[in-house]
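I have a structure I would like to understand better, so I am pasting it below and will then ask my questions one at a time.
Chain IDs A, B, C and D follow the sequence of writing; residue 1 opens each chain.
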Amino acid sequence: MTDPATFSKSEMMIVAAARALADQRVCFVGVGLPNIAVNLAKRTVAPDLELVYEAGVFGARPARLPLSIGDPTIVTGATAVVSMVELFGYYLQRGLIDVGFLGAAQIDRFGNINTTVIGDYAHPTTRLPGSGGACEIAINAREVFVIMRQSRRSFVETIDFRTSPGNLGGAADADRIRREGGWLGRGPTVVVTDLGIYHFDERGEMRLDSLHPGATLEAVRETIGWDVSVSSELAETPPPSAEELRLIREELDPGGVYTK
Amino acid sequence: MTDPATFSKSEMMIVAAARALADQRVCFVGVGLPNIAVNLAKRTVAPDLELVYEAGVFGARPARLPLSIGDPTIVTGATAVVSMVELFGYYLQRGLIDVGFLGAAQIDRFGNINTTVIGDYAHPTTRLPGSGGACEIAINAREVFVIMRQSRRSFVETIDFRTSPGNLGGAADADRIRREGGWLGRGPTVVVTDLGIYHFDERGEMRLDSLHPGATLEAVRETIGWDVSVSSELAETPPPSAEELRLIREELDPGGVYTK
Amino acid sequence: MHDAVADLVRDGDTVAIEGFTHLISFAAGHEIIRQGKRNLTLARLTPDLVYDQMIAAGVARKLVFSWLGNPGVGGLGAIRRRIEGEIPDQPLEIEEYSHFGMVGRYTAGAMNLPFFPLRSYFQTDLPVVNPLIRPIRSPYGDETIYAVPPLRPDVTIIHAQRASAAGDTQVWGLLGCQKEAAFAADRVIVVVEELVDEDVIRADPNRTIIPGLIVDAVVVEPWGAHPSYVQGAYDRDNRFYLDWDPISRDEAATQAWLREWVHGVEGRAGYLDKLGAERLASLRPGAAAPSGIVDYGSYR
Amino acid sequence: MHDAVADLVRDGDTVAIEGFTHLISFAAGHEIIRQGKRNLTLARLTPDLVYDQMIAAGVARKLVFSWLGNPGVGGLGAIRRRIEGEIPDQPLEIEEYSHFGMVGRYTAGAMNLPFFPLRSYFQTDLPVVNPLIRPIRSPYGDETIYAVPPLRPDVTIIHAQRASAAGDTQVWGLLGCQKEAAFAADRVIVVVEELVDEDVIRADPNRTIIPGLIVDAVVVEPWGAHPSYVQGAYDRDNRFYLDWDPISRDEAATQAWLREWVHGVEGRAGYLDKLGAERLASLRPGAAAPSGIVDYGSYR
């Protein structure tokens, strides 16, 4: 079951996202894919990572992977459990969160995120969950990591609704607005997908820096709605290790909820 | 020691103040004389009175009279202990306090209170403690009781500093400002002194309604800095009962700190 | 529960059944459905399955929220269909914030403040679609941030581990914003796993989140939070959340579920019987995880 | 304590030794005096004896407060003399609020807000003498209330019942505004009665008020809050508060007290030796008042 020679694109995505958390101290865990990526990081590259859940938990030690980000296993054995006004006010808005880890339905080249609606807000084609804590995480976490699968529907030239601000219209623009507005966060810094790893260049635009094993530039371009920028030193992401795969398959997601 | 035939003016004042709390439900306890008056009421006319201490206690059951309003005996056995931002925000400012019980250094005919300075603020003759919670209690408690000893220095035509608003320049004025400003409190309703009991008339001015045994109108007028209004049906305050005196002398203030 | 809901929840009320994934009073939600309340405005950070069921049952005309989904599973079909206009005879008005915005709204309500200031919404479309999210200028320097208005529910309903008969309520584990939602409300219903003696509450006053002073009714309803959970008492029934997904996707299946599990049972007891002892037993936590004891000391 | 104060408290700092009658770190205050810190701005709701002593020792140039007195006893002579100008070579600047104003200032600091709104100060002289208390208009309706600015101490020092070596801190009994003062601060010193294993903290996470994340130093100093108190550990030494009144009224007596009880002792241990075992024993609470245990449950 844990044959490292064969792994899914989702497994590679989760592993790459987890590795991105090496050396980080305090991470705000979003619902869905970020949840499994962060829990994998805690078991591998970042054992001292402090997990913060918007439900009001600091220093969580989940004994199992919580299906929801509100689960009794994130409470038992945690360092602190506080009300949500304290969690969002005293921890996030105060600037104590190093990394906010988000998923997204739509993202543009500047890392602006939509999790609210596809189509017109008043008459949506598809109603999405909305902000939750994403809007304030994008503004107040010191930096933001994004994990999501690539597709023409999700990587778009123009998002239908801006739920969480990224680099806005570009770096110059964003840096000035964040500075003048007293935002504590510098915005998105890493985007991990099922095909590769992106960072943001000096224009604040997403740049492909590493391609996952088996993924091709063609596949990347086919699933992005703009002419994506590719690093001149494009790397290949090291494949998942046997241990990383074992943790995902046997401990974190035996049901395959995240990796199917 | 508990000869009801002889009692001090301070004892009469404390007893009269305690009796004023009959039928009240939630009382915010100020430091000093209010502290002993409220604790006497809890043991006599108002056994179900919920004592609220600004230190963050709701439903206190002090096993002894606390010297300070912050004391471990107000915590052990209390219904709830909360942070001060919650006590002042969720309890007082929310409008859950029926009576705020205050002391004062200076008071005027309209029940405006000074506990900040005698003389000029920048160069005070006497520096007093300041507001503490009195300012917000006077604005947000549903009504305010005041307990203080009479003297020409304390009952003055014009207070040197307005720490806590009473009926401002008069009832019409005060009612409009409190209504338009969204204040929850109607302001001062009872003033208990070592000589008598005052309520406020339709002009918002203090009126002597009851004279303590042994006190005279002359003594009252000599210790008030304005031409005080006296009720046409002036009553005499019933003297302290043997039980009231026993509680003060043997349980609440054996050291005579408040009654000396 | 029948009497508490009958007496305190009125057609047209703004109702908040709060509890962030933890302590969600499904028992109250189902009773509101059974009593056929109408035109409610339902407020919750995460509508969750409880509001998907209530809105499918037609009790609400408006939803105030910040995250709309089946956590870790997917969407909430009944609500989504009404927002997307698929059920023309049951339109659903929505008013949308972020989590901190909703928490701030309850906090402003609890503190009787005309607004709550926060550093959210900058450069987003949320204030565009919700004009109640407004900029506010700091009186210190020229900084402008955002404000949200107070939310003052007519009724807030929360589930807790324990309360005294007087309504003094204690909770451990996730606290969400129940305290804020309760202090903000005009009326409060507390549903508990266990009714305890006042002395149990007074032995640990720092554990009290809501005083009986603001509580209008205490209802004892063990398992009343299923399929959500109660820290130390039972686990989140993830299977239920997963099973809800296909039901919720289909309006007919959703209505059939309501007939069978809400209208078709004799109150909460009937629901639990139907669920079965085995299912419930499987949700009990493993070993105990005791908090330990602290000493407040006796001062006489 | 010596190293924590030497490393983290700097001349000119804004220092908040918080704790509302409960858990006041006199041990830290005395160490700051011994190290001869200068030009501090001292913030506290109630300056209490600790600031009367520190200000008498000349460590401060400014006091930020909301209630100036010896609770239940009388005034604070050393501070009063300096405010009234009796000690011309030691002028003391003051900045004055109400309790809720001070609490709001710490809360704004803890939440990184540019202001905190509150319903106080209407029709009073406080905003007249303190221009930092400013009106603010609600963006909803035309209501105007008041705002106070954030207070962000360079160092906040609190005393607590227990903490782990990492600084995760738990308190029971009066909570005051220590949490807010700590989150608002740039640096935090936690002084504890007892250092406990991390497992003790994690067994009851709802009891944690401050995470080690924001703590720069943990100092173990039993009895470090005397003459104030520690719920469950020792009582308020009311005799000390009463005895302080005549000392405080006389500058020479105050200075003599500082020489004898602060400069004249070998740290806190010396102070406690001088106080004597009998005095300390008399402050122990009577019977224990245990909180009881709650179960968080094990979820694997």
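Definition applied: a contact is a pair of C-beta atoms (placed from the backbone, for glycine too) under 8 Å apart; a residue touches a chain by one contact, two chains touch by 3 or more.
Values in this document were obtained by computation on a predicted structure and should not be read as measured data.
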| item | value |
| --- | --- |
| Co-neighbours of subunit B and subunit A - touch as defined | C, D |
| Far-end chain from subunit C, centres as C-alpha averages | B |
| Comparison of A-D and A-C by number of C-beta pairs in contact, larger one | A-C |
| Gap in Å, rounded to a whole number, between the CA centres of subunit C and subunit B | 41 |
| Subunit B-subunit D separation of Cα centroids, rounded to whole Å | 28 |
| Multi-partner residues of subunit C (each touching 2 or more other chains) | 112-114, 118-119, 143, 172-173, 175, 179-180, 206, 231-232, 235, 285, 289, 296-300 |
| For subunit A, residues that touch 2 or more chains besides their own | 57, 71-72, 75-77, 81-82, 89, 93, 182 |
| Pairwise touch network: line, ring, star, complete, or other | other |
| Inter-chain touch pairs (all) | A-C, A-D, B-C, B-D, C-D |
| In the complex, subunit D residues that touch subunit C | 112-115, 117-119, 132, 134-136, 138-141, 143, 145, 147, 149, 161, 172-173, 175, 200, 203-204, 206-207, 231-233, 235, 285-300 |
| Subunit D residues within the subunit A interface of the complex | 110-114, 168, 179-180, 183, 201-203, 205-206, 208, 211-214, 296-300 |
| Subunit A - residues contacting subunit D, complex | 26, 50, 57-59, 61, 63-64, 71-73, 75-82, 86, 89-90, 93-96, 182, 184 |
| Residues of subunit C touching subunit A in the complex | 20-22, 45-46, 65-69, 71-73, 75, 80, 83-85, 96-100, 103-104, 107, 118-126, 129, 143, 172-177, 179-180, 229, 231-232, 235-236, 238, 241, 285, 289 |
| Of subunit A, residues touching subunit C in the complex | 31-32, 35, 54-57, 66-72, 75-77, 81-85, 88-89, 92-93, 116, 121-136, 139-140, 161-165, 168, 177, 181-183, 257 |
